[in-house]
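Labels for the chains are A, B, C and D, by order of writing; each one numbers its residues from 1.
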Amino acid sequence: MDFSLSPTAADLKERLLAFMVERVLPAEEVYRDQMAASGDAHHHPQVIEDLKVEAKERGLWNLFLPHKTQWTEGLSNLDYAPLAEVMGRSPIASEACNCAAPDTGNMEILTMFGTAEQQERWLHPLLEGEIRSAFAMTEPDVASSDATNIATRIERQGDEYVISGRKWYISGAASQHCEIFIVMGKTDPDAAPHRQQSMVLIPRDTPGVTVVRNMQVFGYTDREGHCEVLFEDARVPVANILGEENGGFAIAQARLGPGRIHHCMRTIGAAERALELMCDRVLGRVAFGKSLAEQGVIQDWIADARIELDQARLYTLYTAWLMDNVGNKAARTEIAGIKVSVPNVALRIIDHAIQAFGAAGVSQDTPLAQLYAGIRTLRLADGPDEVHKRTIAQRELRKHSA
Amino acid sequence: MDFSLSPTAADLKERLLAFMVERVLPAEEVYRDQMAASGDAHHHPQVIEDLKVEAKERGLWNLFLPHKTQWTEGLSNLDYAPLAEVMGRSPIASEACNCAAPDTGNMEILTMFGTAEQQERWLHPLLEGEIRSAFAMTEPDVASSDATNIATRIERQGDEYVISGRKWYISGAASQHCEIFIVMGKTDPDAAPHRQQSMVLIPRDTPGVTVVRNMQVFGYTDREGHCEVLFEDARVPVANILGEENGGFAIAQARLGPGRIHHCMRTIGAAERALELMCDRVLGRVAFGKSLAEQGVIQDWIADARIELDQARLYTLYTAWLMDNVGNKAARTEIAGIKVSVPNVALRIIDHAIQAFGAAGVSQDTPLAQLYAGIRTLRLADGPDEVHKRTIAQRELRKHSA
Amino acid sequence: MDFSLSPTAADLKERLLAFMVERVLPAEEVYRDQMAASGDAHHHPQVIEDLKVEAKERGLWNLFLPHKTQWTEGLSNLDYAPLAEVMGRSPIASEACNCAAPDTGNMEILTMFGTAEQQERWLHPLLEGEIRSAFAMTEPDVASSDATNIATRIERQGDEYVISGRKWYISGAASQHCEIFIVMGKTDPDAAPHRQQSMVLIPRDTPGVTVVRNMQVFGYTDREGHCEVLFEDARVPVANILGEENGGFAIAQARLGPGRIHHCMRTIGAAERALELMCDRVLGRVAFGKSLAEQGVIQDWIADARIELDQARLYTLYTAWLMDNVGNKAARTEIAGIKVSVPNVALRIIDHAIQAFGAAGVSQDTPLAQLYAGIRTLRLADGPDEVHKRTIAQRELRKHSA
Amino acid sequence: MDFSLSPTAADLKERLLAFMVERVLPAEEVYRDQMAASGDAHHHPQVIEDLKVEAKERGLWNLFLPHKTQWTEGLSNLDYAPLAEVMGRSPIASEACNCAAPDTGNMEILTMFGTAEQQERWLHPLLEGEIRSAFAMTEPDVASSDATNIATRIERQGDEYVISGRKWYISGAASQHCEIFIVMGKTDPDAAPHRQQSMVLIPRDTPGVTVVRNMQVFGYTDREGHCEVLFEDARVPVANILGEENGGFAIAQARLGPGRIHHCMRTIGAAERALELMCDRVLGRVAFGKSLAEQGVIQDWIADARIELDQARLYTLYTAWLMDNVGNKAARTEIAGIKVSVPNVALRIIDHAIQAFGAAGVSQDTPLAQLYAGIRTLRLADGPDEVHKRTIAQRELRKHSA
């Protein structure tokens, strides 16, 4: 069990840190100004494109991709994890390096399951950062954590699939650059539960596809959106199936593991930044005759934060190591475990930081409340905590029930 | 220790419940539609005015006022508490009944400390619901929980006070009807800590008063606003002092107690509504072959919610009873205690409700995320939890240190 | 909802407090010395008998009994509750006043369901404090929180019942004065679940009754014991049935409510004493240059303790009031609620007190660890927390499922 | 950062696991029987000596020692950690392998700081398992977490040191084999705080040394005792100083790090066993018509246990790795961190296991309550959680205060 970075990854990390300090962190204010000036919550600001050009030039591009392809050597989960943490420190870094969800997972499954033609048409421009994509699985009307509940219909009619259904919280669907949806739905409702679903590629401008509205997260409107999308008899050629028909469940599973590492490490990076903000704040603020940093309760928060973050990071690295060395399936307990642990750790820390900041903590003057809102959704997205804990418990109990 | 309602209050509660069912709850959707149609986050929708007319007709008006005046008999804190809980169930009920903060506290101190002229000019229209008001105490640059930190200057020059300083999170300041600010600041910086501050009445249109911007709360923009307000050599006649010069600290203290009861009971009402929403949701949602209501973990949340809410309500009623019977000063431990306990109880319940709702819980389709954000600020406003807990501890320790 | 004490109860409370200060608290050390000198964990020390004589003389005797009888007027649950809290402050006070479990519950059901002959033989000497009793329900081999699991057989053979089964954690069974067991078991295994069980009175010296061993609680051996008791074809006359045959479940239910109030209020009294010990300790202990009482984290514990205790007390008084005014059945949610809330509150406080005391906290030099152990069992006895929370949740959900 | 075991350690672990299964676990019942038969809480049962012979023969002896000596090659902290976890699964394994506290720490400082003569007389027989030892630091009258408070006097008079003071919770002092005390006390009360203390070796039979009494832990009497020891003008030759005069503080620091790894890994082993017991229990117990293992709340406990244990283990291994690779001083945050985290994790798990077992959980029929009591002391011993958290916070804040 060796968590050391490979020389390649160590080198990338050093260069990524330099990029953060030299370009990304200074760009955050530019980003805020350009967004404010546009008056459009879904505006795509120029600074992002500038950062993308620079990241590409610096070779800090598509770092997430685990597989060797024509575009990259591929980094193991363990090698990519610390890079994801670094990018997690800024809300604009992942996109700058073409490492932002949901594109990352989408690019991965296109690499693994896409036909040469699909890859040419969609994967290549995604890898170039020319277009963006969305992944449409969750539905408003069913408990989507139980994937067998997914009700959208994908019906084959001759050479076409006809798609009907309602999806929501489809991240990225409001992006001006989003051109392709990967949609999960039922092709064979009468098959065994895990063989009912398929995934199809649906260009965004397909007739019958309507982005109904944007869903908020707390009061925030995400730039790329979390949209409600309606499919009404939308038609695509049968060649747009991803992988095999009725194989959607397996693709969804394959998509999960690495994404969890990415989310968790980015979340750890965000929580580290919240902790730094809190430390700076309490050192500089005086109440009742002493610095907040001297208050025992606040020191308690800081100590808990340090302990919990270090534990959560080690747990995530361990999970990444397991995925690299024994496979995603054998790491199922840990993949579920980090999904539960990391967002909860981060939320506790951010909540304490908010408390230390007082009113500024819930305002637009610090990133804390927006971080809280975004990470709060991770406890729901892709199955609520409770579903993942049940999985873990059942696997633990199985050791004893033989 | 008798928590029974007086006959007057029992009658009011019955009539208020009828008003809620018949008018207020059905008006919530109208409210949302009128706000959406206006495209202005600070719009004052007609439905509020309609409800106000109706509330006045039904005699459900200014219920909060504890003191007998020409306008009302006055209700004790204990009698008003259950009415506040009922109004807390809807975000528009308090305003409909002219029982919304910060006007309530402002009307109370104008009743207690205002001159006849001040009452005529400001209190009367407030009690009529014709204008609204703001209370400007918190400052961005100092830990305002320690009131001696307040730095805004109120300097007497001849027959005028000249006010300079920056305030923020001034609730109500963005309301189209807000006409008067009650501002706390230093008149005598060299006096003993609790004799440095005064309160003055500053009409909103006074030259030198600028509402700089609205502060958000977790992405939300409050209709009436939480504003940053700049006072630059704003001048008011000396007659605009509230109470005596250098007596601001005492007025602030007097304002606190009843406001805490109001906030806590409204919060309990809101949490009860969140619990109801959660129960309805889990009864109607199926995952992995059974209703969410049958899941043990969710039942655990519901049981904790019922226990904690009932405890919190009794604690608040007890505090109200103490205030009525032994006075605010003797109830200081309990006034601090409910300030800490109630919002934390409510946040746990709302967070569980969000979790039970999945993505809908953080969205605009349920009131939960906005409730969470609003109640989260109660852990900061008017002193963070930690300050109030220290007060309680010191009073407890004092019993033993003799 | 009036929690005021009746004049009778107020007078009793005053006299009980005097008895505590004058006699009971000073007797604690005598008690410890007499127990240590005896070298027998089940010794019955003389000081207890002395206190009993004094309590009787002072009219502080059998205070718990809610029903008017030839021996007492009876106190309502609400009137008795504060007296139970006072007695809970000392581990020897309840027995001194003949208000100790399990006798209290046993006396109550003998009053309600006993025949004149049973009352003459068992209830009278119990009320006089001449003998003690045990209540044998829990069994080691089944989850006894589900009373339908109780497997002990009570079989009628002619004029006798023959009892066979194994019970454990039978409190009081090791007492030298214990003369009677009230035993729950199945008389009709084929009946509907709640009509299978009966209760019979079994004198301790009945052949076939063996007190197998004493069960420990953590490392403690209770003076009166928590015993494992074996019934092997023990025979009693049919006249020893308590109430009607197959009516055991209903008697068990009737026994529950008041006992919960007693346990909870005694627990609150014990937690108040732990809080006092903690305050005294931290005021007198210095580390790293300041008193522990000045440490923010310790102040946080003290504040939480005050808030949680006051809430728990009000909740218990409310439950007592409900039982007195609307009946035990209508108060079922609250009876379950205090059963869950109060011991958990007390354990948190005692654990903090242990932490504040350091090594002394877990030792025999403070009462804290033994208090912790005893109250820890309350989360298990008479159904674990989880069973009671499920009851509460189901009742809450029922409001919405119509 | 490589947590892999060296080939030597991997081989030892395999052989240790075999020893556990073949000898240690079966010996637990023998141990209990021999202790019960002796009627003496401080009896030294033969089975321990038998296991020691076997462990020596198998080469599973003194595994803890990090330094290469004439007796062993030495294992790194990282290599020893998993062995400590394995031994932690049984309360008798550490002693069987001569790896029990406080001997381990004592042997380590004798190796590092002892003179050849001291090593010959005390270290050698300790390493052979012929004698045992105690470490006397904590005092009842001062907050010993602040080592500068230690008040025992060690006064040089001619060729002797004269020791006067009172210590308590001196582990091992009641052991029949304990022959030597390492005692910390003040040789130079006027020096700088960290240069006041020395350590001296005091044979147990020295005149003036009295083992006053045994201290309990939650009612339990440890076999080897946690004693109060009185030193009244006890005299030892000056040659009995350990290391240099006034160097006691530094020795105490050196003793700390590895001991923390040992304690934490043993605690993790104990918690793993508690989790196994809980899983077995809930799979075999039925209430309200289904297995406890199917209850959602219990599954939640199991999942939390798995997540928290895996995190705590990784954190401890990481700390061991840091100590091996960058030194104890650089690992100070982490050494404090595991001291706080691991016992709290274990206590939560054991408490849940107790709850799942019902009455059996607090009884002598499962090891759970005794485990709880023992691990509860770890939150106090060697400084309470709160002191270690303050250390962590101050180090975190220091990063930002430059």
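Keep this in mind: contacts are C-beta pairs under 8 Å (C-beta built on N, C-alpha and C of every residue); 3 or more make two chains touch, one makes a residue touch a chain.
Everything numeric here is computed off the predicted structure, so don't read it as measured data.
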### Contacts common to chain C and chain D (chain labels)
A, B
### Chain at maximum distance from chain D, centres defined as averaged CA atoms
B
### Message
Applying the document's contact definition, name the chain pair with more C-beta pairs in contact, B-D or B-C.
### Response
B-C
### Query
So, what's the distance in Å between the C-alpha centres of chain D and chain B?
54
### Query
Using the average of all C-alpha atoms in each chain as its centre, how far is it in Å between chain B and chain C?
43
### Where chain C touches two or more other chains, by residue
295-300, 386
### Residues of chain B touching chain D in the complex
295-300
### Query
Which residues of chain D touch chain C in their complex?
138, 140, 143-146, 149, 168-169, 215-221, 285-288, 292, 295, 297-298, 354-355, 358-365, 369-370, 372-373, 376-377, 379-381, 384-387
### Task
Please name which positions on chain B make contact with chain C in the complex.
1-4, 275-276, 279-280, 282-283, 293, 296, 298-300, 302-307, 310-312, 314-315, 318, 333-334, 337, 340-341, 386, 388-394, 396-397, 399-401
